[in-house]
Amino acid sequence: MTDIALSVPTIPEPSPTMRLVRRFLGQKAFVIGAGILAVIVALAILAPLLAPHDPYTQNLALRNVPPFWYQKGSWLHPLGTDQLGRDYLSRVLYGARISLLIGVSVVLISGIIGTTLGLLAGYFGGKVDMAVTFLVTTRLSMPVILVALAVVAMVGGSLWVVILVLGLLKWDRFAVVMRSATQQVRSLDYVAAAEAAGASTTRIIVREVLPNIVPHLIVVATLEAASAILLEAALSFLGLGVQPPLPSWGLMISEAKAYMFFSFWLIAIPGSALALLIFAINLAGDGLRDVISPEGRA
Amino acid sequence: MTALLEAQGLTRSFGVSQGMFKARRTLHAVNGINLDIRKGEVLGIVGESGCGKSTLARMLLGLLPPTAGKIALDGQDIHTLGRKGMARRVQPVFQDPYSSLNPRRTIASIVSLPLEVHGIGTAAERRKKTLDILDKVGLPQRFADRYPRELSGGQRQRVAIARALVMNPEIVVCDEPTSALDVSVQSQILNLLMDLRRELGLTYVFISHNLAVVEHIATRVAVMYLGRVVELAETEALFKAPRHPYTKALLTSVLTPEPGAGIPETGLGLAFPDPLNPPPGCPFHPRCPERMAQCSTITPRFTEHGRDAVACHLHDPELRASTPRNVVTLNANTALKQKENS
Amino acid sequence: ALAGKSDNTIRFAYDQAPESVDPYFNNVRIGVIIGQHVWDTLVYRDPNTNEYKGQLATAWRQIDDRTLEFDLRQGVKFHNGEEFDADDVVYTMNFISKPENKVVTQANVSWVEKAEKLDKYKVRITTKQPFPAAIEYLSGPVVIHPNEYYEKVGPKGQNDKPVGSGPYKVTNYVPGKSITLEKNPDYFKDSPKPQPKIAKIDIRFIPDRQTQMAEAISGGVDFIMHVPKDQAEQLEAVPTLQVVSGETMRIVFMQMNTLENTPAPALRDERVRKAIIHAIDRESMVKSIVGAGSRVLNTICFPSQFGCTDEGATKYAYDPAKSKELLKEAGFANGLELDIVAYRERNQTEALIGYLQAVGIKTNLRFLQYAAMRESIAAGKANLTHQTWGSFSVNDTSAATSNYFGFRSEDITRDPQVRDLLTKGDTSIDPEVRKASYREALKIIADKAYAVPLYSLPVYYVATSDLTFKAYPDEMPRFWEMSWK
Amino acid sequence: MIGYILKRLGLALLVALAVSAIAFFLLRLSGDIAMAIAGEGAREEDLAIIRQTYGLDRPLIIQYADWLWQTLKGNFGTSIYFKTEVSKLVLDKLPTTILLGFLALGFALLISIPLGVLAAVYPNTWIDRLALAIAVVGQALPNFFFALILVMIFSISLRWLPVSGSATWLHFVMPTIALGYYVAPAFMRLIRAGMIEVLSADYIRTARAKGLPAGKIVFKHALRNAVVPVVALTAVQLGFLLGGSVVIETIFALDGLGYLAYQSITYKDFPVMQIIVLLLSVVYVLLTLASDIANAWLDPRIRVA
Amino acid sequence: MTDTILEVDGLSVDIATPRGTLHAVRDISFSVRRGETLCLVGESGCGKSMTSLAIMDLLPKAAKRNARRLAFAGQDLSKASKRQINALRGNRMAMIFQEPMTALNPAYTIGNQLIEAYRQHKNASEAEARERAIFLLSKVGIASAAERLGQYPHQLSGGLRQRVMIAMALMCGPELLIADEPTTALDVTIQAQILRLLADLQRELGIAMLLITHDLGIVARIADRVAVMYAGQIVEEGPTASLFQSPKHPYTQGLIDCIPVPGRTVPGGRLGVIPGVVPSLVGDIRGCSFRDRCSRTQPICSQAPPVYETPDGQRWRCILEDAA
């Protein structure tokens, strides 16, 4: 037990930022998740430096080479090659870029749409809220996978089509969470105080409300990013997502699934990479949520 | 004395839904209040939880548009003043020092927000003004760059007061400014408010449910019950000779630290004041120990007694001498009035 | 696998469901397979000898350039008991000849002008033009429907409850899911198709290739086909399975949209087209991913088809350097971006994409169902296609090249000269004239690099090891011939 | 109550209308169905005839109104690819998918309720960690990948379960697990969080102060309140499962609505697609209505007085 | 049978927090005699609730209880098994909480919640329990009690709910009633009603009551004896009258001075203040915990203050023998 001085002002309190950092670090789940995520991001960014080969160069003479831990494997292709003789490690590394790009872009698009709608609904209430609620209900009642599949099938799949479609479809959770968060903040007295100080509505929304719902935004963003990445993988798996030769992990699984019974690594490697990424994002997001609301709400 | 801020027939209703399967109902949070706030006075407003005190305060601040009635500042409808115009002259201090400060801003930035909004001075001038006002409310300058979470409740409430005063307003509307604080801190804040008033010539609207505090600080007191003012009187007069039975009950219920005095009997029944289901006639009649036959049918008028006023049949000279014919007329009148209000 | 033998049922999984069971209203392979089992044709071509034999007809003769006369078999009954006679033939031929009946397989029927009944067992069929390949068509896709039944129920009814005269009859059909064929006990004894031995063929549509493989490995199905080379080779290691492969008439090629309003104007430049052909290492593809029984093609037809040849046609070697050179000349030194549509053999598409990428042609793959792909081709929206064509197993060039260069909907080249030559080949009676015309047409197609001929596609069948069967180049598993070991 | 339900049904109708319009225009603007109907060797003239007979040459908005009218009359049109009535097609496939949906939901609840409750009652113990691990893995594993692994294990290696089809109940085991495991984490988290919250509620302290035994506190006082939000989630998840069945049904060749949807999408079978999207959205809205009613029944605060 | 129903000696409650161990209650001792009302008064956060929860063994998981002796009717609670505690709780010792809005389970009728403990402890039939519930509901002033049994908590007002809570606490006829700020959530008029009810019942049934509050007004009116808590410690304790008439500890004095009392304080005049704020409870506090807010601090205050006691049982913890 430590002996400390008595009154509050003289106790060296850590700064709020430091305290937040400590709370984050106290969250084992967050540290692990964020750590893995950081590694994946680093690998993705450094892919051109790290990848031993061009991820697109095919060599039909060296197809389905197993990874190095198999007898027939070689260090030339540490994770082996795929059915067209492309270096698997390089493709997995570049695949991280695609998954992350999809996660970030989809969240950006849907985040902007959803947050705007949520903010407006939560702040203004009444008719605006009704309209937004209707939009959200409508959106929620459209099965995402089906609509995404259908649109991609119609328009034709490509990375940007997938991003756009998912981005335009996945704003619902942002809207819902931002709406309730805004409602909550809006009823707080500091908003009333700012109003009483004569601040304009825009100013209040941007400077008083928005900063206080950012934590929720970040939590939703991480979880939505994970879900977007999974959805892309599912679309690509069904052949209606990103198109070859892009090394999307979902597409790699889809391409490799025919080989799964005899060359399991072909599906296991991108599958595990995908699972690891989702795992890391979810863990980080959960940790974030626990830090923001320590009671651990769902 | 002339009224600085004046409310006439002020009414505010909310549509509330009571669970999914029930229809929305209208709740009259504030129901036809007439009130004048005179320059330099402290108008205390007391009443039970849910009687509409905060709603009234928000309307006086221009934060909530009334459903009916109007508010005038110096004779000018506050409608025409606009948000900024109001802000320069009327400022709030809220009850909860935790939710009234934006947790993501520093103390200095919170206090200087009104200055920024009104584009007053340069950044340096604003800073200086902020530090000055912090000094005035008794906060050392080192707090300026801290965040609200680092402050105690009393300190936060000082910040809220500083923010309210930084634009030199004339009226400060304090909505239960001390009810979230411990008694030892409450007295600090009350002292501060009194000092500032003396120093700056402020006018206060002071809302509280603590009668002892109101008696201490207010010069005039309005007692509210279910959205209406039932009694309005100079503090001394009210505490010495309360007229309305509800005011009496309130006063009886105050537990002063007098050992051995025992717990008083208020004489109020079990009936619960439900703003969604206001009783007909006098809203207080179901709990009133002195209720009469007409109380359950006729809404009492607000009758003046010198500088004070009360809404109770017991104190309505006309009614006391009334014949049945009068009752009928009154009844018709009130019915009409109620219609206007809803 | 034991279950199959013990209950004398072959469980057959196919990856695509036919849009209709009626052979005239689908254009997928499984439709042809079901068609040949449930219905009969006038003529039968022995797959071993390529000799034409009488099936529903007993004899036929060419009356003039445009008229054929058939003597019909007596005593044949349809599955519903309806007796087969000239009325059925006349009805069927007249039905399919009318465009308003919207037969899907127009290429197979558009040559028919009309049919007339001479007597109960004698009919005459007239072609619109002289059509030397008529017998070939009549031995393949042109099946005979029961006229009374068909008239009553129409194509829709024929799909719901199909009735034919073939060795198997449909006993259960759930569109999109499964179809069950049972041995027709009353199948006529003289048919060149032998009496079936296997009692039941249970066909299920399983879209996912590896689900099919999993079923095969775990004994859930007895027979799958179109297994890619790699997987077939791997499945060979499974003791309960046998893998049989064979060359087929299916040719693989890429079309290039050179139409006036092509969405890819670059393809109107012959140099770009040549660059594309030079970019692809067909030999390697054949060796590594296409598999045994495949051969590199230089023209858009299958060598065994009458009139098919690559004599005199330009042959393009794998030469990425030259390809880049050509692209540079054409003004695409910095590369080029094209769409490619494909519908099967996705791994091969991906290899093609890889080769194109290597010379600087970036492609966006749109992998579609066949119908959807055809739609986009016919609408002129395609740039590049990765196509295969099985000629409905018709062993005549008219069934192949003309489909893509004879100004039909899928022709996205539209060279009138080529069309005229092909028409001449399709409609002349003299074999030499036909051959010469086809040779000339094929040469122009190759010289102008209108399409990228790739290779023929072998087919790999994987079956339970106790099944005896033989693979034929026409991609037709003949269940009526099969038996248990 | 009745008024409320009618209002909600009205909302459902409105939502369905909006969804149908979105789906209609979205899909219609990106493909040419005349082409799909026309089939082999269609010439421009044929297409023109088809456009005319099917009314495809009219403005889209008129086409939509017409389609809507026909749909309201119960005439869902004919599948372009299968040439069968869409209603028959959908009705044929619906039972399989509904069965699968309920099985998966049941499976999800079966593993998530006990685990969620245990995790909440014993927070930060190995039980909690196990539940968390199951949840995290469930969320991170793409369901198609999980399905393939199931096939590897149970069909190829162990040969216990059939791979595809819907003939016997055994055929439903893997799809149920694959689909159910996908949604179980959401339930588990909700139940755990709900239980933790409820267990820290004042009324639980009251119950403890009354000297009630632990079991009665957890099961009588806590669970009842913690399951209320689960009911709402159930509706959402069931809708989600119906959507998610596309992937699973395709892998296991289960002949349900999801697979039909996938087929109709790949065949550009517009009428079928449209009806499936519409159907799922109506089902979703009705499910949320049902869950609201169930919620009200569970939570006396919103029950009719 | 001793005269003392509750005996607390050297009770401490430690809460593990991320910033260190929070000593919410620091070595406090007091006792409650049968039929007596002891009030525990102090500012927010001084450890009042923790004390009551420690006695009832209802502390949150993070909190740890330590006591030299914690005895109920002679039975040491710190050594009792869970089962024994459960047999006492709600039976011989009962508790009322601050928030009547949340202290009742919203999912069950009040009847259900009233009778379950009675049936649990008294092995009674449903009908007997109902009868007792109806009896007690009328006792706490609720008319048409039988109908009320079928109502859900949300259908009752705050005042009614608190009455139900009181009835629930009395169901098994407890010997000790712990009430943790039972009226702070209520309006003044209702507060007076409830307190009066409590006082009447306590007298009538002869129950010992430990009443926790921060309102000196309540204390003065209801308590037989008062214990003043500050920063986890009891700084002064004594009979109500003596404590209010001659508070010995500067903190008690300060508290009494800073509330406006009509007649004593001048309206509009200055109120007494206690400068500064309460100390953090994380870590140890050596010496007097009030010393940095005290106007009469001396250097010696940084050592543990002595405890003085007057003959009538007023005890305080300060270097000053008499603050007045």
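Just so it is clear, A, B, C, D and E label the chains in written order, and each chain counts residues from 1 on its own.
Everything that follows uses one rule, which is that a contact is a pair of C-beta atoms (placed from the backbone, for glycine too) under 8 Å apart; a residue touches a chain by one contact, two chains touch by 3 or more.
Here the structure is a predicted model, which is why all the values come from computation and not from measurement.
Visitor: Note down the smallest number of touching-chain steps it takes to go from chain C to chain E.
Guide: Counted as steps through touching chains, the separation is 2.
Visitor: For the pairs A-D and C-D, output the one whose chains share more C-beta pairs in contact.
Guide: The comparison resolves to A-D.
Visitor: Once you find the CA centre of chain B and the CA centre of chain D, what distance in Å lies between them?
Guide: About 52 Å separates the centre of chain B from that of chain D.
Visitor: Once you find the CA centre of chain A and the CA centre of chain B, what distance in Å lies between them?
Guide: Those two chain centres are 49 Å apart.
Visitor: Need the CA-centroid distance for the pair chain B / chain C, whole Å please.
Guide: Here the centre of chain C sits 88 Å away from the centre of chain B.
Visitor: Got the chain C residues that touch at least 2 other chains?
Guide: 208, 210, 214, 217, 368, 372
Visitor: Specify, in ascending order, the residues of chain D that touch 2 or more different other chains.
Guide: Where chain D meets two or more other chains at a single residue, that happens at 31, 148, 156, 200, 250, 262, 266, 268, 301, 305.
Visitor: Considering chain E alone, which of its residues make contact with at least two other chains?
Guide: Answer for chain E, listing residues that touch two or more other chains: 277-278.
Visitor: Going by the contact rule set out above, which residues of chain A touch chain D in the complex?
Guide: Counting only chain A, the residues touching chain D are 134, 137-138, 140-147, 149-151, 153-155, 226, 230, 233-234, 237-238, 240, 250, 253, 257, 260-261, 264, 267, 271, 274-276, 278-279, 282-283, 295-298.
Visitor: What residues on chain E touch chain B, complex-wise?
Guide: Touching chain B: residues 43-44, 141-143, 157, 159-160, 187-189, 191-193, 195-196, 199, 214-222, 240-241, 243-245, 254-262, 265, 267-268, 270-275, 277-278 of chain E.
Visitor: Once bound in the complex, which stretches of chain D touch chain A?
Guide: 11, 14-16, 18-19, 22-23, 26-27, 30-31, 136-137, 139-145, 148, 152, 156, 186, 189-190, 192-194, 196-197, 200, 229, 236, 239-240, 242-244, 246-247, 250, 261-262, 265-266, 268, 273, 276-277, 280-282, 284-285, 288
Visitor: Mind listing the chain A positions that touch chain C in their complex?
Guide: Contact set of chain A toward chain C: 56-58, 60-61, 63-64, 83-84, 86, 153, 156-158, 239-240, 243-245, 255, 257-263.
Visitor: Tell me, which parts of chain A touch chain B in their complex?
Guide: 8, 13, 16, 188-190, 192-200, 203, 208, 211-212
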